[in-house]
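Next up, some structures in structure tokens.
One chain, subunit A, appears in both complexes that follow, with subunit B as partner in the first and subunit C in the second.
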Partner chain A sequence: MTAASGHVLAAAQALLCLAVAPGLIGLIRWLKARMQNRRGSPVWQPYLDLRKLLAKETVVSVNASWLFRLAPYVVFTSTAAVTFLLPVLAVPLPLDPVGDLLVVVYLLLLGTFFLALAGLDPGSAFGGMGASREMTVAALAEPSIAVAMFALALGAGSTNLGEIVARAMARPADAVSPGYLLAFTALFIVTLAETGRLPVDNPATHLELTMIHEAMVLEYSGRYLALIEWAAALKLLVFFTLLANLFVPWGVATTLGPGALLLAAVTYVAKLAVLAAAVAVFETRVAKLRLFRVPELLSVSFVLALLAITASFLSR
Partner chain B sequence: MTDLLFAVMVGGYAAGAAAAGVWGQERGGHTASAAGAIVGAIAGLLLGLSGSAGGAAHHWAALDVAAVAGGVVLRLDVLAAFFLVLIGVVAAPAVLYGAGYVAGYAGRYSLRGLGVALNLFLLATSLVPLAGNVMTFLLAWEGMSLASYFLVLTDHEDPETVRAGTWYLGMTQVGLAFLLGAFLFLGAAAPSLDFADLSAAAAELDPAARGLVFVLAVLGFGSKAGLVPLHVWLPRAHPAAPSHVSALMSGVMITLGIYGLLRVGFDVLGGGPAWWGALLIGLGAASALVGVLYALMEDDIKRLLAYSTVENAGLITLGVGAGFLFQALDLPRAAALAVAAALYHALNHAAFKGLLFLGAGSILHATGTRNMNRYGGLIRRMPWTAPCMLLGTVAIAGLPPLNGFMSEWLLFQALLPGVAVASPVVAVLMVLALGVLALTAGLAAAAFAKAFGISFLALPRSDAAAAAHEASVTMRAGMVALAAACVLLAAGALPALAAAGAVASTLVGLAPHPPTFALWLSFQTPAGLARMSPPAVIAGLAVGLGLVWLLVRAVSSRRPVRLAATWGCGRVGQSPRMEYTATAFAEPLRRVFSAIYRPTEDVTVDHHPESRYFVQAIAYRARLLPWFEHYLYEPVLGRVRRWGRRTLLLQSGSIHAYLAYVVGALVLLLGALLVSGAP
Partner chain C sequence: MNDAFAQLAMLGSSLVLITSFLLLWRRGTPAHVSALAIQSIALGATAGLVGYFADKHELYLVAVLLIALKGVGIPVLLHRMARRLGPARHVPPYVNTATSLLAGALLVLLAYVVMRPLVEASPLPTRAGMPLAMGVVFVSLFVIVSRRHALAQVIGFLMLENGIALLAVLGTYGIPLIVEIGVFLDAMMGFLVMQIVVYHIHQTFQSLDVEQLNRLRR
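And then the complex of A and B:
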């Protein structure tokens, strides 16, 4: 793979992520609606929402400062930057030397951090509540993400995503090893917590005392809200991509031929659809946890991650 | 060149001290004192940079005086040079800031004493890494401790400050006692107390004695670095000092504890068995967690920063400990990476903690209180301080693209090879250390989201915050300089790491410039474990931010942004009382970690006399269990006090009794000599 074609690939992958992300949210909502015997809005509804929000007037609280207006751009940019580092369609990744798993995790945390600050800025109790809870969940999720990812990195001998995928493809038996399965479960729980899904947060509610993410972004409207909604969808896509391509890397292209890339794109979308269905089923089956039960869920995830790293240590 | 820079450094500080001593109460003398200190600090920085080039240690032979008592020996090697750079990076901006900051003390406290003590403190601090033998080291070390004690006492009319000073003095002298013990054991077998001789003699010591020396050194230097459980003075003394002094104490002085560990542990003792590393990793992990957990609960902004210093000292110690462990396991390249990560984090911490203390000082100056629950909305009133503090907050929270993230990334990567070590004990220890590191990073992000969000955003929560004013020009300049240092240390992560790597590889006994890091655009850790490119991450985010802004502008509605009241479920009007406070922000985490905090809450509700359904006032008091004070210091201090009271029996006040003691002691000694048969 030449440098130029590699960079074209990185840009193409990022654009694909940006384009697919709202559809992923739409798909989950549609599936959930079907499972709850509702007709549901079409899968492409989030795209229409984004267009509507971009066209609408933006209203900002009089109490808000410049930080409130800066935050959506930081949130969106940091999340979009992650997509350049992800193994979406093909490996080796041209931008592997730029950032690894830790860069991905901490770029997402940067977005969370700014969103929390923006939640505090208008001075409403809702925003403060959301910000406080979001930082609590993010802080507690951090160790399980790190340890689960190191379990993967140990097997691959690298924390760079492209190399993890390449290694997993070279040794397909690893994907069903106990270490991988435990790490997958740990990361799946973290995905639910970090992206504000049930049972940690309810993405379908806008004004309840239990909400986290929606409470933080309550004051946003217009183009700012569009950026934040899109970034939230992207964040979900990022976690899904990690789950899909790090643990089940089959289909990821190793050459840049059109056939291989097409196959990669099709398998990628199929894997996303499977994960979306899993989340939709899960969300229709479980109820939201009380806020102070969430740490227990996250400690379960951390213990699973610890077991994963121990398992990958033992199997060496 | 080296001699000239050294002379300018010492001369600058000396002139600054003299100027403060003679004309300290006048404006001119006060400015001259600051100018002297800045000249000294910059010369020290340049001296450090010139020494970082490597090569043989520079020894100022002409300055070897008083050879009888061990004498003064000053030597500049790469380790000393690194710490001189670290001192200079914080000292120059902090002194510049202080020039404006102390104006608030004029007329209340002696600016003369403050100027003299500050210059002497900086001089002694700069001489600590340069010391070539035990005598010089202890002189500089004590000079640093005593001068900073006087600096802490600046605001001596506040009884709280005096108590803080006493704690500090007590802890620092206990630390000194441990250090004396360590040096006594080391020096017993050595021909002189020069570090080179000690190093040669240390190789001959038996393992138990080496272990004892190491433990004593960890206790002594750990008390300076603020390692748990010797950290109790930090959250007392650092907030009590003037803010630019807090910046120097937190950013610089604690890292000299780390310097001492490296000097004695690696340079003199030459590393040791694996348990040394494990001990440091344990202490570091405990300090990191305790520090960040208590920082999270703190409402006093300077105490929050002091606890966060405990956290960062813990992270640095974690890296140093991994260095000792890997060296014991015969993985010198992994050891070099771990020590380099620790050194780089120490440098970064100096920059962002210095910046945050200066920013906290500006807020304190503007509002007159350290309680964050009385801040709010400062982002509008302090247009310079707010972005500087935001930058420092992002850096200390370990978020990309700033320097805090770069060094935390390296710490992660430095610990990772340990998980692959064949010994299960080591592997499990490393996994736990990684978990602690990740949890600490997450909690630090929460703590600093609180610190910045509650202080600067939303509506002012007090009249003082509503009437806050921006800091003076020199104060702003000091903050901007340190903010720039944070950005430069991130963008220039590769050269900074190369310097730290050279120091680290010298310490663990590799060639000065080993191929530990392939210094092209990316970090490359040993064995090709991971790659990351700080400049590319920074550039990518900056370009991305611009692009997103342009694109959104192009496709979104042209209608101007409309301002409206914050939405509030139909309530009329918004008051600061509806906002989240610092205490409220941290409440979920207080509940989550209640097993550690053991919070006691005390709620008093005043009802309206007419009806219990109307509440007039609620008083809420929350207290955390101070574990270390309660279970360690209070019993120990109580026992010391009881013994003290018993010895009072001897103090009859009668001269006859005292003469009898002297005679009795003499007889006992002679008797002992007779019995032992000495000539």
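And then the complex of A and C:
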């Protein structure tokens, strides 16, 4: 793989992620609506919403500082930067030397941090509540992400995402090893918590005392809100990509031929659809947890991650 | 062949271990009973698997007995019992959920440490699962000492038995059938006795909180 074509690939997959992310949210909403006997808005509805929000005027509270205006850009760019580092279509990744899974995790956390700051900034009651809850969840979810990912990194002997995928493709039997399954479950729970999905936060609500994500972004409007919504969709896509391509890497291209890339793109979208369906079914089945029980769910995830790392450390 | 066997046995034992964590995490007797049912079915499947790969055909019988008795029979009895005793007040455990989950994880790590010499000495392909089986034993013991609800303690005891059975299956490809059946009968007897005791606790105190038993001293 030459350097130039590698960088073209990295840019192309980042654009693909940006384009697919709102559709993923739309797909989950549509599937959920269907399962709940509603007609639901069409899958492309989030794109229409984004266009509408981008054209609208932004209203900013008089109490808000420059931080409030800066935060949406930081949230969006940090999440978008992650998409350059993900193994979306092909391995090895050209930008592997630039950032490994630690960079991915902490770029995502940077976005969360700025969003929480922006929630606090205008001094509204809801914003502060949302920010405090988001930080609670993030502080509990962070160790499980790190430990679950290290379980994979330990198996591959490298923290580079491309390297981990390449290793998993070389040894397909590992995909059913307990270490992988435990780490997958741990990361799935964390995905639900970090992206504000159902047992932790209700993504369908807009005014509810227990909301987390929506409480933080309540003060935003217009293009700021569009950027934040898009970034939230992108974050979900990033987590889905990690789940899909790190644990079930089949279909990821190892060469840059058009056939291999096309196959990779098709399998990628199919894997995303399967995960979206799984989340939709799960969200239809479970009720929202009480806020005080969220730490219990996240400690389940941490325990699973800990067992995963033990298993992969000892079966190395 | 041996690789796939080791991998699948490991998978089965992980499932058995995970279900014992379900007991620590979920609340309410129905959730605990279904955790026991899933665990016994996973254990039965593991026993069947070992029987198939190691050519020990009497293990099939053990697997069928396990699934029929502990995967279906006892859970049905427990469900019926929980229904008859009515919706009980929530009895909080001595140790809260988040702490017990972490304690469970530490106990599994302890099991790895304790079992290390045995795992190194064993020539069997199933040896990697033995620490997990020991982990099930430890976690179940922890459930028995840290829960106040009588039925949760009974389920903890049954899971403890499952852990020992798993250890036997993985460590020695199963003990002789006659001993296995004897153990089954013992467990069944133990369960019946506990059932009667639970009824008595409920009749005397209108609650399944074993803390209430302290009142008997006065």
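One rule holds in what follows: the second predicted complex is superposed on the first by the 316 of 316 C-alpha atoms of A that agree within 3 Å, B and C clash if a C-alpha of one lies under 4 Å from a C-alpha of the other, contacts with A are read in each partner's own complex, and residues count from 1 in each chain.
Methods note: contacts are C-beta pairs under 8 Å (C-beta built on N, C-alpha and C of every residue); 3 or more make two chains touch, one makes a residue touch a chain.
Computed from a predicted structure; not experimentally measured.
Of the two partner chains, subunit B is the only one touched by A:V62; subunit C is not.
Counting the residues of subunit A that each partner touches, subunit B and subunit C differ, and the larger count belongs to B.
When both complexes are overlaid on chain A, the residue A:A287 reaches neither subunit B nor subunit C. After overlaying the two complexes on the shared chain, residue contacts for A:A4 are found with neither subunit B nor subunit C. Of the two partner chains placed by superposition, only subunit C is touched by A:V176; subunit B is not.
Look at A:L306: by the touch rule set out above, it reaches both subunit B and subunit C. When both complexes are overlaid on chain A, the residue A:P295 reaches subunit B and subunit C alike. In the overlay built on the shared chain, the residue A:P143 is in contact with subunit B alone; subunit C does not reach it. Shared-chain residue A:L209: touches no atom of subunit B or subunit C. In the superposition on chain A, the residues of subunit A contacted by subunit B and by subunit C overlap at 295, 302, 306, 310. Residue ranges of subunit B in contact with subunit A, taken from their complex: 376-377, 379-380, 390, 394, 397-400, 405, 408-409, 412-413, 416, 419-420, 424, 427-428, 431, 434-439, 441-443, 445-446, 449-450, 452-454, 456-459, 521-522, 527-533, 536-537, 540-541, 544-545, 548-549, 552, 555-557, 559, 561-569, 574, 576, 578-580, 584-589, 591-592.
The touching residues of subunit A, when paired with subunit C in their complex, are 173, 176-178, 181-182, 295-296, 299-300, 302-304, 306-307, 310-311, 314-315.
Within the complex, the subunit C residues that touch subunit A are 3-4, 7, 10-11, 13-14, 17-18, 21, 25, 97-98, 101-102, 104-105, 108-109, 112, 128, 131.
Every residue of subunit A that touches subunit B in the complex is listed here, in rising order: 54-67, 69, 73-74, 76-78, 80-81, 84, 96-100, 102-103, 106-107, 109-110, 112-113, 116-117, 120-125, 127-129, 131-133, 135-136, 138-143, 145-147, 150, 153-154, 157-160, 207, 218-219, 222-223, 226-227, 291-292, 295, 302, 306, 309-310, 313, 316.
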